[in-house]
Amino acid sequence: MCRWIAYSGSPVNLEDLLYKPERSLVMQSKHSRLGAETINGDGFGIGWYSRPPRPGLFHSTDPAWNDRNLRELSALAWSGRVFAHIRASTGTAVQQTNCHPFRYGRWLWMHNGLINDFSTIKRDMTLAVDPALFPLIEGSTDSELFFYLALTYGLENDPPRAVARAVGVIEAIGRNHGVEYPMQMTVATTDGETTWAFRYSTEEKSRSLFRSTDISALRALHPTHELLQGLSADARLVVSEPLGDLEGAWQEVPEASTLVVQGARAEVSSFSPTPV
Amino acid sequence: MCRWIAYSGSPVNLEDLLYKPERSLVMQSKHSRLGAETINGDGFGIGWYSRPPRPGLFHSTDPAWNDRNLRELSALAWSGRVFAHIRASTGTAVQQTNCHPFRYGRWLWMHNGLINDFSTIKRDMTLAVDPALFPLIEGSTDSELFFYLALTYGLENDPPRAVARAVGVIEAIGRNHGVEYPMQMTVATTDGETTWAFRYSTEEKSRSLFRSTDISALRALHPTHELLQGLSADARLVVSEPLGDLEGAWQEVPEASTLVVQGARAEVSSFSPTPV
Amino acid sequence: MCRWIAYSGSPVNLEDLLYKPERSLVMQSKHSRLGAETINGDGFGIGWYSRPPRPGLFHSTDPAWNDRNLRELSALAWSGRVFAHIRASTGTAVQQTNCHPFRYGRWLWMHNGLINDFSTIKRDMTLAVDPALFPLIEGSTDSELFFYLALTYGLENDPPRAVARAVGVIEAIGRNHGVEYPMQMTVATTDGETTWAFRYSTEEKSRSLFRSTDISALRALHPTHELLQGLSADARLVVSEPLGDLEGAWQEVPEASTLVVQGARAEVSSFSPTPV
Amino acid sequence: MCRWIAYSGSPVNLEDLLYKPERSLVMQSKHSRLGAETINGDGFGIGWYSRPPRPGLFHSTDPAWNDRNLRELSALAWSGRVFAHIRASTGTAVQQTNCHPFRYGRWLWMHNGLINDFSTIKRDMTLAVDPALFPLIEGSTDSELFFYLALTYGLENDPPRAVARAVGVIEAIGRNHGVEYPMQMTVATTDGETTWAFRYSTEEKSRSLFRSTDISALRALHPTHELLQGLSADARLVVSEPLGDLEGAWQEVPEASTLVVQGARAEVSSFSPTPV
């Protein structure tokens, strides 16, 4: 199990984003409260847009709390769109090619959760990937393969539709192999302009997912809160776990939902896999 | 803060020793119960004697729970004397040269605890090391420097006396720099034939230290316990934290003590630093 | 391009084998004479049998010349059958799961060379792997996939036949995709009792391959050579590059050959892929 | 032995600087022409100013040619002042704390060469460091200790004077220990505004050092050279080895020299250690 955050808004310093909050992602790497595992020490990654359209990636197999290069890089980098992920492996090797976020062109993708009995259904999932995309798969995780399935089904054109189809296909493959609850996921993906997040599990007991409240409303509530003053009105965070206890700051994204964040606008709709 | 175990007795397989106990050291790397930190993910090390007199070393900066080479090596190695240590850094860099156990000739040394305000007193500690030993210091930890001080004061000839003098010197240096409680330690050291362990802190609130009960008595108590049947009567473990809940298996080593384990014989005496 | 050695015979110390020869494998990692690349600094691995049937593995992404754990392990390990490999990546990621030798049960496999246009033909190669074996593939190299194809075609029962079929299949897949010279290889594989080595390339310009001369004859030639005196009469080395300039010590294995080493017996026969 | 480059001028993209030249520093990590070693695979580092005064650092123990994070970071970072260094260890451990450039406040320092018999004279060098600076030493190299000696002798106020004194002290310590030629060096240091480079060795056979020619003159010579057109008139490179064969592009810095680069102005004067 993993933890992740997706930020969009006015350019923020990555150190402010990743290290300074009360329960920052780097802190969560040692002490997650809501994760299935309390430790996320099996590598981490960040993806950030500083010269769009292509995002930069930093992947490491060290625990995030120990990585000096992450700290240095974070102190100097500013970005208006950041994905960050800390990993707790569910079995696959701890190596850079298994670190999230994954990248394809201008797209980023990260996943918390797992595909149950992945080793059983991995081959059929692999076969379902567009042969033109297949050579780009670098690692061995369920999460990356899920990304390439979503790309196969049109992620670049219609993300909610592509993810619904990919999940439908994975569930169908799982059922064929006798897997009762194939999918457990919160996923975030972006093309550098819009962020889509999904919360879903076949079992209907999905990993936690939260989004930040409207910054203007939050500022009114906490007029002396320093960090809030520095953020633009359209700043939005989508997170697997709140970054602090600030009252009124976080709203849970409901079970089986799609969340679309575009500028200040954040819309939640229901998510269901496309039957195959 | 760290966790460690020191085994002596009939040759054991390292995998049996490090992975199989209910609360094995590798498990403790993720979930320590008694440590000052619950996670010990900042590297680890093992030292073992398979072709005496010189012990082998394996040091890694990966969390122990992720290291495949440790697992492979453990499956194939047998030894009658093993030191193993998992590290939670108290500030110094996570690098192989900072991993315990440290080695000098046939000697091993490992430490749980810390020297308070180490950066303040490090220089004077460094100056106190025998100039002939100085070039051998490879890392930057308090623990390794403490080892070289103990060597300077005669560890090879009389370990309890040398450790008492080294601690006395460190406390004197600390006092000179206004450090109230310089020393916090459990230490184990061996020449390949005898193991000495020390529990002490200036503040008289030392880290936990346990030793295993006499194996014969324990066998009588648990006649069906598989692991126990495989051990020789003189097998002994000294550990910073019990490896399981087996009733009657563990005795606490008292505050301010020296424990000497030679074959089946284990003697506890009081420890006090030599005033300088 | 890579370098490898396969040893069989009386148990040798791994340090003697890997570090001490005039042009040892570890030295070759910095300065190979016959390789397509002079540097093999993209990780390494060793596989050795010390408690058969299952061999141990040590894989590292560090350059071999820097790895202290390899040196420590080598000093303490003895084995009558050792595979060692240093890697120069032809494009795939430098990670432990891409380090040779690869293992399946009691089998080891290592490869020097490459499958040309691998990214183009990887998918069809993947589909050709037995679905029961597919989940065991951990890395992303051509070499590991080639191993699983050989296993698919019966490596465990008849290695020369299985390798001939696997190469035939790879060449057929390559031709379908317009790849002129799909295969470039020297390969070694063992079940812990016999070693098979293959030298072949579609282009008929294969990487170098050598085997050691009969030890008894060599001893007569060099009666004062220390290392030779310690080896048993049936000791044999198969290497991608000679380990020194000792006159009479090395015989080249001819282009398009299979070499079978069983005890003191070493037989060379011609190798040709099974047409598909 | 190592290789390094120091750039100052209009902001350049780090990928353009580190990867694109014909004989870029990253290429030199595999195939140096003028170095004492052809391979510099024992880690690397870069320091760059993007939000002065404090420079950022990226240190890695991987060979530079393999580091994906370096490539990603380089693609996104621009800076008007960059230090980059690839390391070939002369004995000390390969670890991040031994990677150049070293940093103190706004200062960077990197070194090619070595202090002969370092282990013999290290203790006396250590004692000569200002006790207030001593706790900041993190690694175990001669190069970092040399940096802290230069800081002790006033690097921040008068770099040429401080380096001359530090070298004088090191030579005196060396002589006391019977070391014939203690110092071998090319060094670069900067406060973010001026770069000082030094070429010197006790033996008067110093490592190579070059500086780029005036860009305007070079442009006149090569009016169609693309890279040149992108650089400002005051762009300057100081390098241990030329980055390409462009005629007229490089001038050797003479034996026993100090080079000061401030904006477009580059002045060479003679260097000699201050006798102690």
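All chains are identified by letter, namely A, B, C and D, in their written order; residue positions are counted from 1 within each chain.
Here is the rule we go by: a contact is a pair of C-beta atoms (placed from the backbone, for glycine too) under 8 Å apart; a residue touches a chain by one contact, two chains touch by 3 or more.
Per UniProt, the chains are A, B, C, D = Class II glutamine amidotransferase.
The structure displayed is predicted, hence computed values, not measured ones.
**Student:** Would you kindly count the fewest steps from subunit B to subunit D, each step being a jump to a chain that touches the current one?
**Tutor:** When the steps are counted carefully, the minimum from subunit B to subunit D is 1.
**Student:** Count the C-beta contact pairs for B-C and for A-B, then tell me which is higher.
**Tutor:** Counting C-beta pairs in contact for B-C and A-B gives the edge to B-C.
**Student:** Counting in whole Å, what is the centre-to-centre distance of subunit A and subunit B, each centre being its mean C-alpha position?
**Tutor:** A distance of 41 Å separates the two centres.
**Student:** Of all the residues in subunit B, which ones touch at least 2 other chains?
**Tutor:** Residues 96.
**Student:** Among line, ring, star, complete and other, which best matches the way these chains touch?
**Tutor:** Complete.
**Student:** Where on subunit D is subunit A touching in the complex?
**Tutor:** So the residues of subunit D touching subunit A come out as 50-51, 56-60, 68-69, 72-73, 75-77, 96.
**Student:** In the complex formed with subunit D, which residues of subunit B make contact?
**Tutor:** On the subunit B side, the touching residues are 93, 95-97, 119-120, 122-123, 126-127, 131, 134-135, 137-140.
**Student:** Please output the residues of subunit C touching subunit D within their complex, sorted ascending.
**Tutor:** 30, 38-39, 41-42, 61-63, 66, 89, 94
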